[in-house]
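Both complexes below contain chain A, partnered by chain B and then by chain C.
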Partner chain A sequence: MRWNIEYKETWLHQTNPTAKLLLFLPMFVVIVFVHNPNVLINWTIGFTALFMLFSGYRMKHVLLFFVPFLFIFISTSSSMILFGKGETTWFRLGLIHITEESFYRGVHLGFRTLLFAIFGLMFALTTKPVLLFYSLMQQAKLKPKYAYSFLAAIRLLPIMLEEFQTVHQALKVRRAAKAKGFRGKLELMKRYAIPLLSQSIRRAQRIAVAMEAKGFTSERTRTFYYEVTLGKYDVYLFVVMCVIVAVGYYMAGALPYVAIKDVR
Partner chain B sequence: MIHIEQLRLKFPGAEKRLFTDVSLSIKKGEKVLLLGPSGCGKSTLLQVMAGIIPRSIDVPMKAKKLHIPNRVGYVFQDPDAQFCMPYVDEEMAFVLENLGVPREEMNEKIAHMLQRVRLRLPHVHVPIQTLSGGMKQRLAIASVLALEPDVLCLDEPTALLDEEGTKTVWETLKEVAEDRTVVIVEHKIDHILDFVERIILFNEHGEIIADGSTNEIFSTYCSFIAEQGIWYPDVWETYEKPKTAQQPYVQADVLLHVQSLRGFRQKEEKIAVDELKIYAGEWIAITGENGAGKSTLLQSLMKLIRTEGDIYWQQQPLTNDELLYDNIAFVFQNPEFQFVTNRVDDELAYAFRLEKRSEHEVAEEVERLLERFHLNEHRHLHPYQLSMGQKRRLSVAASVTERHHILLLDEPTFGQDAKNTFALLEWLEAYRQQGKAIVMVTHDERIVSQFATRRWVIENGKLVADEPIAPRMLVRGGMG
Partner chain C sequence: MQTKGLKLTDVLTTVVVAIVFGIVYKVWGPLYYAVKPLGLHLDQLIYGMWFIAATVAYLLIRKPGVALLAEVAAASGEFLVGSEWGLEVLFYGFVQGLLAELVFAAFRYKRFDVAVVSLAAVGSTIASLVLDFYKGYIDQLAWWNLTLFIGARFVGAIIIAGVFAYSLVKALEATGVTQLLRPTTKEDYDSLDK
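Our next item is the complex of A and B:
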C-alpha cells in the first residue's frame, strides 16, 4: 500500500510479491492449528524481529503501526481471560472469573492475532500494489482485465476521500451534517453515500471507457513495463521463515515459558 | 476517412431517438468542429466515430454505411477519469503494453511522447495526482499519441480547465495534430477558431442544420449560435449586462471583518491574510492561479477547515460558528454534493423547514423559487436528473435564503454554457442589489471586469492585492 511515509527499500521490498503472498498465506492457516502458546510466543518474537529489522521503516512509525494491534491483542485476550471457562480458579468477582486455563487461552489468542497482524503489516508495508498486480499477472497468470481494474480502483480511493470531505463541508453549510434519532442517522448516511457513490460509479465507468479507448482489450498478448521475476531474495525469505518456524518450534519444546502445551 | 450514412441511434429508456438518419463524411486531414446546444448528441456522435459506441458503451444503433478508422485517439473531458495507473510513466506504459511494444523500447518512447506534448517533469515516475488539470490533459494527449492514431477525437478536452490550462492544452494539440484528421466537440471555441476549418452545426434535435467552412458558418448562423448559449468569441461584446452592474451600493456597512486569518490543511498553513473586510452590496472576485489557495480562503472564511485569527460579524466578535452558517451561504463547485433530498421541490423547502416555518408558508416560498429559477417543470425530479445548468440553479436556489447576507461561490460558472452563465450572473447582480455581498472564485476575467466591484488576488497562499474595480464598458474588439 502507498503511504506518505518515507522508508528505505530493503531486501524484503525486493522479494517477489506473489512469492511473498504464497509464503505468508499458509502461515495464517498454520497459526490457527498451533495450540502450544510457547510456539506462538517464539514465532511472534522471531517475525517481529524480522519485521522490525527489515521493513525499512523508521522505528517510531513501526511502533505506531503496532498500536492498534496491541489494542486488539489486549481486547481479544482480556475477554477470554476474564470470562472464559476453566477449573483452576485464580480470581472471581461477580461475572469475572479468571482461571489458569482461560488465562493461557487468552494469551494464546492474543499472540495469534498479533502474528496475523505482523504478517499483514509486513506484506502491506513492503509491497507496492502496482508490482503486486504485475507479479500476479506474470507469475500467477491473473487476467489483465482484473489486475488493471484493481489498479484503477486503487486510484479512485484518495479521490473519494477528498470528495467525502467536500460533501461533509457542503452538508455542514446547509446544516444537514447532523441528524437526531435512528431514522435521522439513516437519512444522514444516505446523504453522504448517494453523492459519493454516484460520483464514483460514473467516474469508474468513464475510466473503463478511457481504458478501452487506449487499446485495452483481452484479445492481444501484452508486454509488461515492469518485469517481475523470482530472485535470490525470495530464497532468503523462504529460508529465514523456515528457520524462525523450526527454531521457534524446537525451543518451545526445549525451553518452554509456560508449562501448558495445549490450550484447548 | 470517416463516412457515416443514415445513422439512427436511441439510448435505451429515452423517449426519442437521438439521431434519425444523420449522414456525414470527413476527409483525411480535415479539422472539424461539431457545434450545437447541450444535449444535442455531439459527444455521442464523436463516440460513434471513435468506435467507442457500440464497442465499449452498448447503445442500439443502425447505419446504412459506417466507415470508421481503425486507430482513433480519444481525449476525454474529465482529467481525473482517464487514467488507471498511479504514475505518469506507468500510465504511458499501459498504452504501450496494450500495443505489445517490447519492454526495452518503452522508456525511450515514453520520454519521446512526453516531450512532444511538452510535459516537462523532473523525472517520469511522478504521481499523476500531483499534476495540474492542464498537465493531466497533456498526459492524456501523450498517451493517445502513443496509439499513432489516424484520427484524433477531442471531447471538450478543456471544459474542466482554467484559462492557463486551456491555452497550453490547445497549443499542444495544434502542434501534434497538425497533419492528422481531428474532430472536436467544444463549447469554449475562442482558442480553436484559427485551427478548425470546417464546422458542422447541430440543432437541439440532433439534426445537422449546417456544414461548411468556419467563416461561412459564423457569418450565416451567428444569431442561431448565440441563441444556443455557445461560447462564441463575440459573446461578451454582444451581451448587454444589467445597468446596475458595478454601481456602488448605497448603504455599505461592514458585514464580515477578519484579522490575521490563517487556514490549515492537515498541519500545513495554506492561506494567510492580514485583514479583510466584506461590505454589504459588494461583488468580490477572487482570482489567482490554480492551487494558490482561493478555495481555501473561502473555506477559511466559513471556518470549514481549521483556522486561526479573529473574525467579526457586523462589528461583533464571533462567538459561535453556527452564526456564520446562518449569515453566509456557500455554493460549492459541484452542485451534486450539496443536495440533501430526493426531489427538486423538497430540496428548495429544506431550508425553510429547518427554520420551522409553517407548511403553508414553505409551499409558498417553494413556488416562488421554482418560478424564479425556472425549475417549475422539473419539480418532481430527483436533483441528479437535472441538466448541468439546472443543477447549478437548484444548488444556488436551495443554499441561499433571505437570512443570508453573504454568498460565497466557488467557480459557479465553471463548465456552464453562455446562456446559463449570463442567467446566473444576472441573478447574482439582482441579489447584490438587495444589499447582499457576493464573493466568488473565478477564472473568467470577463466576469471580473464586467460584474465585480472589487478583486482579491491570491498568490501562494497570500493575499497580494485587494483593489476596487471601476465600472467600465468593454471596448468592442474584432475577431476573425
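Our next item is the complex of A and C:
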C-alpha cells in the first residue's frame, strides 16, 4: 500500500513482485538461524543503505518511516535485557537482572526485528499491490479467484475508512464513542465492528455475484490486463542481496564489533 | 448443495472481512508496544487480537479452509499497509491460521461453539509461541518471566480470539447478514418438509 508520498521510480520498483517476495521471504529463515550479533549488525547496515539509496523516497520521509522501528527495537530487546538468563551480572535490582549475555541477546533480537522491518518496508514501499497480485497469478500460478478477491478487497478499503468515519461520528453525537475498563473497551469495539463488518459482508456478496457473472473465476487460458514479467532488475536485486549477505558475513569474522559470536 | 472447495463468494467475503482485521492488526502494533511496561508482559494479554480473523471468518462462513485463508489474508493486509514487523507477519499469519484450521478440522468442521473457537485460539497461540521460540529466544528468559509471558498470551487469546470473537459473530447473526454466507444445512431442508 502506498500513501500519497512522492517518490521516484527506481530499479527496485521495476523488479518483479513475486521474485522480490521469493528473495525476501527466505531471508526470514536465514536471519532466524544467525546467532552472531556482528553479522546482523552488518546486514542491518547493508540493507538500510540499500533501502535509503534506492527506495526512491526522500530522506526525510525515510527517516520518518524509521521512527516506529526505534520503539520496536526497544520493546523487543528490553524484556530479554532485563529478565534474560545469564552468568556475568552487570546489574541486579529486585526482579531485574541484567547480565552480559542477556544484554547482547537482547540487542541481537533488536537487530533481528529491525532487519525484518526493513525488508517489509522495502517491499511495501516499492511494490504496487495490483502488480503484486497480477504477478502472483502469472509467475506463481495463484488461482485468479484468490488474486481478484484480494484486489477487490483492497479497492474496498477507502469505502471502509469512510464508513468508519461515519460510524465514529454517529457514536460521538450519541456520546457513545468512549468506554471505560477492559470489558467496556471490548463492548466499544463491537459497536464499531458490527456495522462495519455487516456492511462489508453485504458488499462483498454483491461484488462476488457480479464478478462471477463476468467470469473472474475462469482459470484456463485467461489473459491479463497487466503482463508482468521477470527482468534484468530481478537479477540485480539477487546479486546485490548476495553481496550484502556475503560481505556482512565475512566482515563479522574479520572485523567484529563485539567479541560474542553466539548469543544463545 | 455444498460444492467442493471455496467459491469466489466465499473467498471474497473471507478476504474482505480479513482485510478489515488486517487494518486492526496494523493499528494493534503501536498499541502493543505502547502497553509494554518494560518487560512485564502485560502486552501479551492483548496479543490474542492477532488470531481473531481466523476464528471470526470460520464462524461466519463455516467452511473448510476459511480460517487459514482469513489469517493469511489479514496478515497480508497488515503487511501491505506497512506493518512495523514487516516480513515476519506473513509467517506468523500462515502458521497461526494453519493451527486454527487444524483444530476446526479435528472437529470435522461441524462444531461452531465457543469451546471450539477458544481451542482454535489456543492452537494459534501455540503456533505463535513456536515461532517466538526460534525467533525470540524466549526459552532464555528467566522462568518466572517466561511463565508470565506464556500464561498471559493464552489467557488473552482465549478472551479475545475465543470468547470475544464468538460474541461478535453472535451479534452479527442478529443483523441477519450471516444468512447470506452459510451453506444450507440439513435443518434448512428439513424445515421445508414440514
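One rule holds in what follows: the second predicted complex is superposed on the first by the 250 of 264 C-alpha atoms of A that agree within 3 Å, B and C clash if a C-alpha of one lies under 4 Å from a C-alpha of the other, contacts with A are read in each partner's own complex, and residues count from 1 in each chain.
In the analysis below, contacts are C-beta pairs under 8 Å (C-beta built on N, C-alpha and C of every residue); 3 or more make two chains touch, one makes a residue touch a chain.
Everything quoted here is computed from the prediction, not taken from an experiment.
Enquirer: So which one touches more of the residues on chain A, chain B or chain C?
Expert: C
Enquirer: Quick check for you: in the superposed arrangement, does A:71 touch first (chain B), second (chain C), both or neither?
Expert: Second partner only, chain C.
Enquirer: After the superposition on A, what does A:184 contact: first (chain B), second (chain C), both or neither?
Expert: After superposition on chain A, A:184 lies in contact with neither partner.
Enquirer: I'd like to know which partner A:213 touches here: chain B for first, chain C for second, both or neither.
Expert: In the superposition, A:213 contacts chain B only.
Enquirer: Should A:253 be classified as contacting the first partner (chain B), the second (chain C), both, or neither?
Expert: In the superposition, A:253 touches no partner, neither chain B nor chain C.
Enquirer: Does chain B (first) or chain C (second) touch A:155, or do both, or does neither?
Expert: First partner only, chain B.
Enquirer: Touch check for A:231: first (chain B), second (chain C), both, or neither?
Expert: So A:231 meets neither chain B nor chain C here.
Enquirer: After overlaying the two complexes on chain A, where does the chain B footprint on chain A coincide with the chain C footprint?
Expert: 148, 152, 154, 198, 202-203, 207-209, 211-212, 216-217
Enquirer: Under the definition above, what is the set of chain A residues touching chain C in their complex?
Expert: Interface residues on the chain A side: 1, 24-25, 27-28, 32, 65, 68-69, 71-72, 75-76, 78-80, 82-85, 95, 97, 102, 105, 109, 112-113, 116-121, 123-125, 129, 132, 145-146, 148-150, 152-154, 156-157, 160, 186, 190, 193-194, 196-198, 200-205, 207-209, 211-212, 216-217, 263-264.
Enquirer: Where on chain B does chain A make contact in their complex?
Expert: Where chain B meets chain A, its residues are 50, 52, 55-57, 72, 74, 76, 78, 80-87, 89-90, 93-103, 106, 128-129, 143-144, 147, 299, 302, 304, 325, 328-330, 332, 334, 336-340, 350-351, 354, 384, 398-399.
Enquirer: Which of the residues in chain C end up touching chain A in this complex?
Expert: It comes out as residues 6-9, 11-20, 23, 29-30, 33, 36, 38-39, 41, 43, 60, 69, 73, 76-77, 79-91, 134-137, 140-142, 144-145, 149, 160, 164, 167-168, 171-172, 175, 177-178, 180-181.
Enquirer: In the complex of these two chains, what residues of chain A are touching chain B?
Expert: Listed in rising order, the residues of chain A that touch chain B are 2, 130, 148, 151-152, 154-155, 158-159, 163, 166-167, 169-176, 191, 195, 198-199, 202-203, 206-217, 220-225, 227.
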